[in-house]
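Just below sit the structures, each encoded as structure tokens.
Consider the two complexes below, in which chain A is the common component and chain B and chain C are the respective partners.
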Partner chain A sequence: MKNKFILTIVLILTLFVSGCGDQMYLEKSDIILLLGIDLDDKNQVTFYASTPVFNTEVKKNYHVMKVKAKSLREARYQFDALSQGSVVKGKIQTILIGKKFLQDRSVMPYLDVILRDPKDDLSSRVVMIDGPVEDILDANMEDKGRLGVVIRNMIDDTFKSGTIHNPNLQQFVAQQFDKRFSPMIPAMKVIHKEPKIAGISFLSHEGLYVTSIHLSESPLLLSLQKFYLEKIPISLYISSNKVQEKKELRRISIAIKDIQRKVKTTIVNGHFQFDIELTLHADLVERMFYLDAAKHPQLLKRIIEEQLDHEYKKIIQKTQKNKIDPIGFGVYARAKQYDHWKKIEDKWFDEYAKAKINISTKLVIINTGVSH
Partner chain B sequence: METFQQQEDKKNSDELLYTDLQVNLEQLQKRVSNGPDLIVRSFQTKGKENVSLVYYSSLVDKVSVNDHLLRPLMYQLDNTSELLGPNLSIPIGKVTKVFDWNDIEKAIFQGQSVLFIDQTSHALIFCTQGWPQRGIQEPQNESSLKGGHQGFVETLEINLALIRRYVSDDNLVIKEHSIGDRAESKILILYIDDVVNPVFVQEITARIQKVNKDAVLDLGELEEMIEDNPYTIFPQFLISERPDSVASNLLQGRVVLLMDHSPNALVAPMTLTAFFQSQDDYSSRWIVATFLRLLRLLSFFISMSLPALYISIISFHYELIPLDLMLSVGESRSKVPFPPILEAILMEIAIEMLREAGLRLPNPIGQTVGVVGGIVIGEAAVQAGIVSNIMVIVVSVTAIAGFIIPNYDMSNAVRLVRFPMMIISSLFGIVGLSVGLMVLFAHLISLKSLGVPFSSSFAPIHLSDWKDNFIRTPLKAMKKRPFSLKAQQSRRQGKED
Partner chain C sequence: MFNKKFSLSFSQYVFLIYKTQIGVGVLTLPHDLFVISGSDGWIAIIIGWMISTIVSFLIINTLEKNPDETLFDLLPRYFGKWLGKIILVCWILYALFAASYSFMYTVYLIKVWVLPNTNPVLIGLLFIIPIYQITRLGLPMISRYAEFTFLITIWMYPIILITAQEGIWLNLMPIARDGFLPILKSTPVTALSFLGFEMAFVLYPRLQNKKKAFKGILLANTMTAIVLIMVTVLSYIRLSETELAFAVWPTLDLIKLVHFPFLERLEIIFISAYIIILFMSVIPYLHMALIGSSNLFQRSIKKPLLPVILTIWVGGLFFPIIGFQPVISIKKMLSTSGLIFAFLFPVVFWIYSKVFLAICKKGQVKG
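Up next is the complex of A and B:
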């Protein structure tokens, strides 16, 4: 009995021997919330990091670090040299990648250390910066808050409003490896020290920057992709001659609430042909020109449908011209025409450029709002 | 001052009464300490017999002695032998004839009156007890909103009466035992004969008989001596001061112990889940009762592991909390000079001290201690940067969660388990907390109460008992007594199938 007691005490005390070593107090660590990767003027890889400062007595509540390094892991040692606490990267909210960097090389090898560590966050947002990444870190945050939080909130909010696509790190990696479509990430810009969401940028299958679309076009792309959260807002310029109105008033806005998409995939003359029937259920939210809706109940619908067809074609042509497939036609090609897909699997993006794509849009207006 | 040995010798000497009254009285003076409250009243009865009435004035009911004993003896009774006959002519309930000094001693110390009669070899004992008593009051530790408001008191007879009022079954068996060599206490074992599993009765009787101690003053003491595992922190028997809850347990097939001068009843065997039930549950709406029980379960876990979880998150796993919470925790922690474990232990100990201080003080002062302590620790300590805001919240929520557990013993157990949990999670983070909880549950599963698995209905699983565990189904659905008790008559509602 006595021996048992002593043994228990000794065992309990040995707990203390091995413990404590890997403790890392929250307030004593520098937690990277925002990571930036870019090329500088001399084409050297530069890493940026922003960490929150918990001390409430200092004026600026975040800390920005900039180091030159060959890899992210190497950069971390240098970040450590620059910071008060130990630098940790388990809570990276946003990864910013400079346009110059993406034009030069793929970012994937540089993110390997994050993907490898199971403690790291795979839900970081991946964003391209149209311009030097340094601009974002120098942006005016006095009226906003902590940089890492502000950028995250901006991206999340725009994503929720249905205007940009927002892949997290895991999805980004999956997109990069997928042969059926090419990745796209949101793009940001800094104008007069104010950060701003610019639109969506398209990367090639190799991970290089190809082109981008503006924030006003990106909802169209998302609606074509049958991607929606709650609603997708679309504003259109109506070019139809059925509307007699001054140029600046020829605008209409709809909010898409539901999308039905039918894609017919065939092979014509050895090339793919996609016939898309898109049915959009939407509310009319803005019409700046006059139209007698009672007299011509179908007219309004028809001119919007026409305009949408036109806009969709423009986007598709743009992607075909650049040999990228962010909309994901490859998914249909593989699913519906597998034999043919097998033959062209490795050169799908060239094949996509040659494909014939027909699109016809049907609009169902649910609600036209209060009429006066 | 006599030594223990001398007293023993005296006991072994002639135990029988002498016939001569004077000799008997001398013997009495030797045996019973001659305190100021020992009354020896010698007189002649109406029938000219020399008698002496002996009693402790502090332990008898004076009205009873004066009016119902002395008066008839002095003025009405012709012969003392009439006292034992069928036409008992004095208004006293119980009269016994004894020959042995030991019985006399015991009777006098219990507050009975002893009548020595000259030229006879026996004495008569009259039941005239009457001692300071507390009135029946609302139970302090287990107050209820809907149930009865009567709590047990220090007198065995009254406690028995309170239980009998709920269980007026002729199968209610009451067995008397006594315990303690020096200061003897009466113990009653209560059970319903055709319901209870006889193994429980045998087991508890055997355990009580094994107790060998000079005095057992309270049921809590007795509990420790008869429970299955005295080294665990968890109570294995229920100590209750509510007659209705005791009656309910009796009817479910449990055994109840009552002890003289203890204002409680001990219920055995108990399971872990039964400690989270309150008598009010059965008289409230079943949905509300279910919610309250789930709330208690939640607070059981909060009370045990919330500070530990907090410590492990802020010392190891900052990734686990959302960013915005992390930032506010970080800001609030930034001024604190102590590591989280020290901060937590400081606060916990402060709260425990406040609680213990408030407990022993009279009500108005106790409240003041609470308010002063709350303000000083809650406000000033945060202002001074000794503890963080979040820690104050964590510790207070934990303390409140601890109070929700309806049983005092269980609540104390949980409150103490918190500390090892905190230490282990400060050493190993969530891994430590998980291991700690695993060890704890393994321990709970290994416990037994009177041979019944303590975590019964979960380990081993009895699905039918889940109707009345952490949820309470409508009474209509609870047709059977708890399976874990293996009652002789398992059905308590509806027809036997």
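Up next is the complex of A and C:
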């Protein structure tokens, strides 16, 4: 009797709790997969959104919206006005930011609405577009698929191959706010209506665009950071005079499998000094010139090490000149020399520019393939 | 339905205390500690663990003299009829407060993270059904529920550990960077996360093997401390300082970082399963309040009282008392009252009982 009574109550209660009050049909909703933020010719903030179209009667399977608004939330109302159904912003895969925008202002305040809402996914990729964002949205997608998915796949696959850094939104925000290093994001470019990954662009601590490096240099930077994936491919031009070969054939490629990094942090004359000992375990994958490896087993290793030292120095100098620290030396500075760090905490990037950085690379070749 | 002389097994006793401790505190602890002591916060947890263990020892030591009586039975005997009753009422209010807060917190958490468009009253209405069913059947059911909770949520530990990769371990260096003063200052913050061991006051008489009482409470405290340190350290190595300083629930932000190719928003599943754990801190406190009030009125009043309390809870949800500010400010109140009841009271009670027993003995010898 009593059990029946409880059962009845529970059954009556379940009538009230059905979750169908705010149902959503996939066909009727506009799910933003790609969000673009840029400045137009008159320096007004413009938002772009690309949503997939599931209606089979329509030829183009994605839909692009463009609105002018002061904030992302305001833009959303306007997207709503443009869209057939309800706009869903919780599934943003990629956020594209124009170079012009980043040269003018930081993007952080514009992303607040995404960071605040717990329903939003923080795994969206943040990408800078070298050129107007509109170009990407106009890109030729006929042989590729839905824009939002294609861009995300391109970024993720390049990341897996070890050539670019691929921060998601959470990591980007963390890097942006951290006093110890400055953020870097992948850069894309559109050439003849074809989107292409161009390299890595560096932002300052304030969130403004500073400089960028090409796709051929970015693996070097990633290997300098302790952050690495299964493999990082590096292709080098050997400038050493120990190699007698024509200029165009002086190339060598290695695939880094493992990195050990030792950083000694000291203070010399009131400035930081970092002594980095980098041990790279790598496979030799390509050598375009002749070298008698049987006769000089150490020679090949040495010339690559020399070249790597040189390349690393070039990259470090570039970051020091621009007063940015994407490699994250600030992490070591704070962990190892906290007292000194305390004094220069707020002007770390100026201090980084004055720091002396010595790097010595050791290469351990694991595998040279079937020929030596 | 159940045997009246129900006795707790060792594992039930451990899980009951452990799962009462894991609850509201864990979700926000990394933030609370970070605000005061920066990335040295995890050291404060070790200090908190030591203090809790000492207090737990005192609790067991006090109860050992009267192995078959709960704190509520002892109070009138030790403090006299009136003072004893006043302290008893305070304890009931404290337990009720802890239970109510955990309940409101659960509703608020689900509303913010999982069901933002749903009326909190409906969420509360759903929640009181299992709470009623379990609390109604008393300790035998609650102890089984504790074991069930542990088993069904065991997958959460590896999930949190996944986040350890890609962390910057150097964030924790240098250890004790600003000296030990901030660490000591932040130690009281950890009290909230250790609350639950005072449950031993009511559980001890029911424990089967009383010799293991302290061992069990030590085990529960240690397990809690390990979970807390794990969550705190992982938050410090994975989240940036700004996030730690501003995010309300760093532990959940940590889980948000876990992605599987087939599952993007793991935290939704995590939080939904976390309800089970949160209930496990609501129910023991509710049980404690109920047996306290039964002691107060000298007869079992669980049957009429339980539905009244639950109705008040749901009724309370009609008013806008759940929100960000109340949740934060009431948490501070709970933390303070926890310090008084769970940490200060056992110490005072222990000293008092020693003196009391000494005087009694003297009186007996003289008489």
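Keep in mind that, in the parts below, the second predicted complex is superposed on the first by the 352 of 372 C-alpha atoms of A that agree within 3 Å, B and C clash if a C-alpha of one lies under 4 Å from a C-alpha of the other, contacts with A are read in each partner's own complex, and residues count from 1 in each chain.
Heads up, the rule we're going with is that a contact is a pair of C-beta atoms (placed from the backbone, for glycine too) under 8 Å apart; a residue touches a chain by one contact, two chains touch by 3 or more.
Computed from a predicted structure; not experimentally measured.
Undergrad: Using the superposition on chain A, tell me whether chain B and chain C clash or fit.
TA: fit
Undergrad: After the superposition on chain A, what angle is formed at the C-alpha centre of chain A by the C-alpha centres of chain B and chain C, rounded to the nearest 10 degrees?
TA: It works out to roughly 50 degrees.
Undergrad: Given the touch rule stated above, what does A:366 touch, chain B (first), chain C (second), both, or neither?
TA: A:366 sits against neither chain B nor chain C.
Undergrad: Once chain A of both complexes is superposed, is A:56 in touch with chain B (first), chain C (second), both, or neither?
TA: first
Undergrad: For A:146, is the partner it touches chain B (first), chain C (second), both, or none of the two (neither)?
TA: In the superposed model, A:146 contacts chain B only, not chain C.
Undergrad: Which partner chains sit in contact with A:88 here, chain B, chain C, both or neither? Use first/second/both/neither.
TA: first
Undergrad: Scan A:29 for contacts with chain B and chain C and give back first, second, both or neither.
TA: First partner only, chain B.
Undergrad: Looking at the overlay, what does A:335 touch: chain B (first), chain C (second), both, or neither?
TA: In the superposed model, A:335 contacts chain C only, not chain B.
Undergrad: Could you tell me if A:10 is touching chain B, chain C, both of them or neither one (first, second, both, neither)?
TA: Once the two structures are laid over each other on A, A:10 reaches chain C alone.
Undergrad: Touching A:119, do we find chain B (first), chain C (second), both, or neither?
TA: After superposing on A, A:119 lies in contact with both chain B and chain C.
Undergrad: For A:173, select first, second, both or neither according to whether it touches chain B, chain C, the two together, or no partner.
TA: Once the two structures are laid over each other on A, A:173 reaches chain C alone.
Undergrad: Shortest C-alpha to C-alpha distance from chain B to chain C once the two structures are superposed, in angstrom?
TA: It comes out at 5 Å between the closest C-alpha atoms.
Undergrad: Looking at chain A, which of its residues have contacts with both chain B and chain C?
TA: Touching chain B and chain C on chain A: residues 16, 22, 119, 121.
Undergrad: Can you list the residues on chain A that touch chain C in the complex?
TA: Spelled out, the residues of chain A in touch with chain C are 10, 13, 16-17, 21-22, 118-119, 121-123, 170, 173-175, 177-179, 227, 328, 331-332, 334-336, 338.
Undergrad: So in the complex, which bits of chain B are touching chain A?
TA: 313-316, 318-319, 323-324, 326-327, 329-331, 333-336, 339-340, 424, 426-428, 432
Undergrad: Report the residues of chain A in contact with chain B in the complex, numbered from low to high.
TA: Residue list for chain A touching chain B: 15-16, 18-20, 22-27, 29, 31, 33, 52, 54-56, 88, 90-91, 93, 119, 121, 146, 149, 152.
Undergrad: Could you please specify the touching residues of chain C with respect to chain A in the complex?
TA: Where chain C meets chain A, its residues are 112-113, 116-117, 122, 125-126, 129, 166, 168, 170-171, 173-174, 177, 239-243, 252-253, 256-257, 259, 264-265.
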